[in-house]
Amino acid sequence: MSIESVNITKEYERRGKTFRAVDDVSISIPRGKITVVTGNSGSGKSTLLNILAGMIVPENGTVHIDDVELPCLKNKERDKIRGEKIGIVPQVQSLIGGLTVRENIKLQQSFSGGAADEERLAFYIKDLGIEDLMDVFPSSLSGGEMKRAAVVRAISGDHDYIFADEPTGELDPENASRIMDAFRKQADEGKGILLITHDSHVEERADILYRMENGHLTEEKVG
Amino acid sequence: MKIREVALKKLIYGSIGGSAVFLFALLLSFTVFAGRILDTSLTRGLGNLRERLGADIAVVPKGSETGYQGILLSGEPVECSMDRSLEDELRSMDGIEEVTPVIYLASLNASCCSVPIQIIGYDPETDFVTSPWISEDYSLQLGNGDLIAGANIALDGNNTLTFFGRTYDVKARLNRTGTGMDKSVYVTFDVMEQMIADAREKGIEFGDGSDAGITDRYVSAFLIRVEDGADADVIAGRISRNSLVSVVQSKNMISSVTDGIGIISKILTIITWIMEIIVTLVTAILSVFRVNARRKEWAVLRMMGASESWILRLILLENIIMSCAGAVLGIILASLAVFPFSVNVADAIGLPYYGPGLPGIIKVSLLSILITLISGALPGIIAGAKAGKTDCYVLMRDGEN
Amino acid sequence: MKNKILAVITAVLGLLAAIGPRTIFPVCSAAEMKMKCYYTANAEIAVGIIAALVGIAIILIDKNKVKLALSAVQAILGLVIILIPTAIIGVCGSPMMHCVSSTKPALIVIGALDIVISVILALLTLRDISVENKSR
């Protein structure tokens, strides 16, 4: 069981010129491992993440999530699969305003159609240090707190895969480390983790490492 | 989490700025409610007028036509007199079924009120206009010497009224009509004769200024009912050959009031439609703005697994809640404007005005809410569809990954 | 900001209730004798001034819990403004006297508006209290 993509290509227009954000990329996100895609800004990493999550439909190529082919599905069905299978930690603005952290988690669980085990969830809430923040509005959270809460939210839906776009961006090393520890634990529980980053500390903790440049993907040695 | 909960929490705690939609909904609902109530009241007043007129033709002294109409429409007191000898001639005319004389006197200062009111003298033996409308609360046999008060007249302590210094017992009440009849007092001719005498002492002249039997010689008007099948126009024409009198036909009076109301009605309807269109447009623009301002939120929701239709429903719900709240408050405010001041409104317009009862008010309220909801829901659907299509590039632009 | 505007409106309403019955929508003159409406006008002066002061207090005070209590008081004052000409003291009997056709409806409207706005003010303050609890 994994997320497989073969030969995917995504083009879009910028300033009158078409250019390929993702150029003939094949990648596999296995369960139980942390896969990291690294690269500079503008290299197409986020676009890749969104394609793998079913948010963008590629021009060419296929994407399978646990043997279900994505682009064939109607929007509604793709949304449903994403909600059930993949928990996403977005790069910015990760929580919904006007809802407390607890309510954000409840909302995620209603989209996922299932909830992570209560005890495990409580464990992560404690582990990532947001117990005192559960009934607080996102507007009063610091950047680090918001990210940690978003990670818990992504975990709360009992998904098979967790995607995170710049999970350690703007975080101090201690917070960054806590988050990476959480991802490791999730991987050990059998989830497939995909991290997009240009933080070298994240690269160090990858099981599988890719580098992306101008839309092209190359695998790198881990070590 | 139910989508309803999310919408409510976001409206209350999230700073999503729906207050403009709320205010416009309030404005629309206010306009619709007030306009409909006005329209309904005028129509009902007209209906009452039609029912209560009784007479087909009124014969009044030349020049007093507007005064006569004023009595019925707004209760403006009037005084006029003409020779009663015309009565026999009228009774003998072809096509005339009933004739009854009336006398109009304006009170100086009645004990009850700070404005002069109309005193109407009627002949109980020939009367067919006033008697049918006496309220059943007072089903005493009325005869000479009794006084009947219109619905808006307030009585003194022991159900009495004082005119020109003399106190009278009030024996009956007329049902409320919303016309000038509510502000009038009805007396029999013998009482009227006493009043005329009292009035002369205060300096008011009626007829030729003499005393005894004045009502035998002078009246203010004759009210006529024509036989079934007779042509009222022909009869009216015959009467008006008498150069001393003018003829007012009820159907003409009704039709001119109907025209007046018709115009007001049209204006109100046009205003309502214009408001609806404006508010819907403005709400649509505001909704689209709001949706654009929250693009990141939509992208995150889609990442969490929300479908396009879920997002559409969320925005629709936000709009509906705001519109509903505005609609209800608009109705409350409009009620404050229309109901407590209905007497003043009626006076200002000078047309019969009879407010709707509770069922009518409920109907108008529901209509106002419905119209306002539509003005909020339509834009909600449009904006919601737009929001659902937000793609995740929105989130990437800032990070340029 | 919204709250301050609403509070100002209630203060203005209080002022209107106080001076209206003697100026803008006056009761009957007390030349010959003092009728009920005269006493109604006097009572409204008192209640109206209190309402105006409460409205000002809501603007000046910061503590939300106090604001909430004052809003409730303001709503009650609005009710009193309505009850004075309708139940507690009353006005003249005839529908054609000024106090019945102008003053009473005006006071009913003022009182009702006061109630409505006070309720809205209370709800907004309740929300602020709730948000306060959910922040740090």
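Each chain carries a letter (A, B and C) given by its place in the written order, and its residues are counted from 1.
One rule holds in what follows: a residue touches a chain if its C-beta (ideal position, glycine included) is under 8 Å from a C-beta of that chain, and two chains touch if they have at least 3 such contacts.
Please read these numbers as outputs of a predicted model, since none were measured by experiment.
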Pairwise touch network: line, ring, star, complete, or other: complete
Pair joined by more contacting C-beta pairs (A-C or A-B): A-B
Distance from subunit C to subunit B - Cα centre to Cα centre, in angstrom: 28
Interchain centroid distance [CA atoms averaged], subunit A/subunit C, Å: 57
CA centroid of subunit A to CA centroid of subunit B, Å: 66
Shared-contact residues (touching 2 or more other chains) in subunit C: 131, 134
Touching two or more other chains - residue numbers and ranges from subunit A: 137
Residues of subunit B engaged with two or more neighbouring chains: 12-13
Residue numbers on subunit A that touch subunit C, as the complex places them: 100, 135-137, 139-140
Complex contacts: residues of subunit C adjacent to subunit A: 131, 134-136
Residues on subunit B engaged by subunit A in the complex (per definition of touch): 1-2, 6, 9-16, 296-297, 299-309, 391-392, 395-396, 398-401
Residues of subunit A that touch subunit B when the two form their complex: 41-47, 50, 53, 55-56, 75-76, 79-80, 82-84, 88, 90-99, 103, 106-108, 110-112, 137, 153, 157, 165-166, 169, 196
Touching residues (chain side subunit B, partner subunit C) in the complex: 12-13, 19, 112-115, 117, 152-155, 183, 329, 332-333, 336-337, 340-341, 343-344
